[in-house]
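Both complexes below contain chain A, partnered by chain B and then by chain C.
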Partner chain A sequence: MPELVEKLSFYLDFPFVRYAIVVGVLVSLCSSLLGVTLVLKRYSYIGDGLSHVAFGALAIAAVLKVTNNMLLILPVTVAVAVLLLCTGRNARIKGDAAIAMVSVGALAIGYLLMNIFSTSANISGDVCTTLFGSTSILTLKIEEVYLCVVLSCVVLLTFVLFYHKIFAITFDENFARATGVNTTLFNLMIAVIVAVIIVLAMNLVGALLVSALVVFPALSAMRVFKSFFSVTVAAAIISVVCSLIGIVIAILAGTPVGSTIVAADIVAFCLFYGVSLFRGRGV
Partner chain B sequence: MNETKTLIKCRQLTLGYGSKDLVRDLDYDVNVGDYLCIIGRNGSGKTTFLRGLSGLLSPRSGSIEFCDGLQRSEIGFLPQMTVVQKDFPASVEEIVLSAFQGKHRLLPFYRRAQRDRAMECMALTRTESLAKSCFRELSGGQKQRVLLARALCAAERLLLLDEPVTGLDPESTETMYRIIEDLHQKGMTVVMVTHDVDTALDDANRVMDFNDISVKGK
Partner chain C sequence: MGLACSVDEGSDLYKVILAFLLVVAVSVLAKDPKAKGTSKIDIDLSRMSSTMVFAQVNQMVTTPQKFVGMRIKMKGVFSSYYDNETDQRFYGCVIADALACCSQGLAFSLAKPRKFPDEYPAEGETIVIIGYFDNVKEESGESYPIIRHAEILKE
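Moving on to the complex of A and B:
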């Protein structure tokens, strides 16, 4: 045990480890908050779809040699999120089919582009990193950390300010609209926030694992807690704790960060599921 | 007998989705103090008409005019329950309070008066003891009463109810009808879509039959 603590404090001396922890906490906090809404609105898969789009955009950015690839990835992902979440009911291709189409298309095109135009000697290594985020969290530059902090704060602030509106729209969009809430505007807002979170979270766990951050904490919290407020708070806490545990284990054991975090989320889900079963029998 | 005042005036109203018109060239007046039941078979346009009144659906042609100073914010709407709501983790209080979201634009919290009003509405629908309960753990009847309380919070003058008793057991149905009747006695105008023709004829002072109307429309 003392060696582990020593090892940990040794690693914490490196700025990139501290960056990773800051970004990890913020990203998991934001993603879990919106996760509750997405899961309840039956949009769980949107995180996955959007992250594939972000991957495709990243490939295009690499081909075009854009220096700050966020400038391309963020707007593209936001645009697709708006398309997917806001056209919803009227679209000719319905929700889940549209997500499946866009996400798998973006994934294929992204990989194709990377293969054709890549200058790197290790394409499969690059792709693997982007998809599973194996090391990207530990190679963050300070500008990226700042960007992440600013965007996370914006997301958090928006969520807190519009918490009740988000609840009203999640629970009953028709009723909210009938009483005069501008649901189109707030759906748009939710879509933009989700896209921002997905792009941020891609750094942490990689494109393929993003939806785990969105879905698991919300589902775990929903097993046990009974009001929207307690579910939201619990999801946030679960998500942050799991990310911290995941990052620390990944650093100490040398495992890939993204999948370790997701593994921690799965363990948490099982625990909460167990608690709900135990409670169900007790009552 | 008081003179009847018109609350909502529909003229040449056509409503529909896609390529289909479900309500065609309808002229109808809802009066202040009405207890109006809308009956008709599935797909005859009952719910569509209600959605038109609630402002969720814009008319294809014709007009829906609010009279006697009626505001959109004075209308309470009880839509049919969705799958999403049935297992939604939220407390009854949170749901009832969400009715006020249309009224205050940007406040991130609820005011004292709104909380009091919410309790009042829960009392009127006999759900005040459930305030802290979890919505998904309630019975079907309790769920509907909670949603009615929410509609009531939003409503000052007009309640639009879309099949409020569908799927309820006889006892819950009876309670629901009694609550609605009480509200009507207190001066609320009620427009209710229902399949329950007998009760519609017993309680309501007006009945609108969409089977006839759609025939007439052709």
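Moving on to the complex of A and C:
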């Protein structure tokens, strides 16, 4: 044990490890907050769809040799999030079908572009890192860390300021509309925030595992807590703790960061499920 | 007597100055990272987990100017590549991962050249190398990182 502490202390001297921890905590906090709303609105899988869109946009940015790929990824992901979340009910292709179509389409086009217009000597490495987040959070530049901090603060502030409206839209959109809440505006806001979180979370766990950050903490908290507020707070704590544990295990044991964080989330879910069974509440 | 005493004192002073210069020279040499025989390692990649090595080597490749001149110790597998265009053989120390997609490595050139392949390790053999990090700039404007004046500790 003292050896592990010494090793961890040695690793913490590296700036990129400290950046990873800061970004990991912020992204997991933001994703868990919105995760509760998305799970309750039956949009659990949107994280997966949008992350694939972000992957496709990343491939286009790489082909076009855009220096700051965030300038392309963020607007594209936000646009698709707005299309999926705000026009879903009136669209000809609805709900899960639209998400599935966008998800696999973007993934395929992204991989195709990366292969045809290869800009790197190690395509498999780039794809592996982007999809599974094997080490991407440990290769962040300081500008990316600042951008992540700013965007996370905006997301947190928006969530806290509009908590009651988000609560109303989450549980009964029709009732919220009847009471004078501008549901279109707030759905648009949620779509934009979800897209921002997805793009940020891609650095943490990779495109294929983003849904886990959104879904697992919320579902774990729902096993034990029952009010919207307590579930939101518990999901945030679970998500942050699991991310920290995942990052620490990944750098100590040399495992891929993204999948280690998701594994920690799965263990937490099992623990909370066990607690709920023990308390006689069941699933 | 007084003069003799002065000569002795002068001789002692001369010895003291010589000893002082010797101590300074030794301490300066000890602080010079490129001084031969020093055991100081600036970055010991052989102590790190594969995830940390990937991240650290990525830092060294993306911001080489921060690491030029540092003494690096690295453990990985030996790999070599022959470039037909330049008629040169490059040697590398590669840290492979389980999926073989996120491998990272650095080229190295030995302080005491050897004959290839007889005096080099076999391809894929685990090696530990120590040398000085450098960033080679080619005429085309491109650059690549390399460990210079390297020695292979373990074959």
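Please note the rule applied: the second predicted complex is superposed on the first by the 280 of 283 C-alpha atoms of A that agree within 3 Å, B and C clash if a C-alpha of one lies under 4 Å from a C-alpha of the other, contacts with A are read in each partner's own complex, and residues count from 1 in each chain.
Criterion: a residue touches a chain if its C-beta (ideal position, glycine included) is under 8 Å from a C-beta of that chain, and two chains touch if they have at least 3 such contacts.
As the structure is a computational prediction, the values presented were derived from the model and not from experiment.
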- Message: Taking the superposition on A as described, I'd like to know which of chain B and chain C A:Gly180 touches: first, second, both or neither.
- Response: first
- Query: Touch check for A:Arg279: first (chain B), second (chain C), both, or neither?
  - Reply: neither
- Item | Contacts of A:Lys41 with chain B and chain C, given as first, second, both or neither | first
- Task: Considering only touches as defined above, state whether A:His164 meets chain B (first), chain C (second), both or neither.
- Result: first
- Task: Scan A:Cys128 for contacts with chain B and chain C and give back first, second, both or neither.
- Result: second
- Go through the superposed model and pick first if A:Arg18 touches only chain B, second if only chain C, both, or neither. neither
- Answer with first, second, both or neither: which of chain B and chain C does A:Phe229 touch in the superposed model? first
- State the interface residues of chain A toward chain C in the complex, per the touch definition above. 10-11, 14, 16-17, 122, 124-125, 127-129, 134-135, 138-139, 250-257
- Message: Under the stated contact criterion, what part of chain C meets chain A in this complex?
- Response: 47-52, 54-56, 58-59, 62, 97, 99-103
- Message: Could you list, by residue number, the parts of chain A that touch chain B in their complex?
- Response: 40-42, 160-165, 167-168, 171-172, 174-181, 222, 225-229, 231
- Query: Where on chain B does chain A make contact in their complex?
  - Reply: 54-56, 72-73, 75, 77, 79, 82, 84-85, 88-91, 94-95, 97-99, 101-103, 106, 108-110, 132-134, 137, 150-151, 154
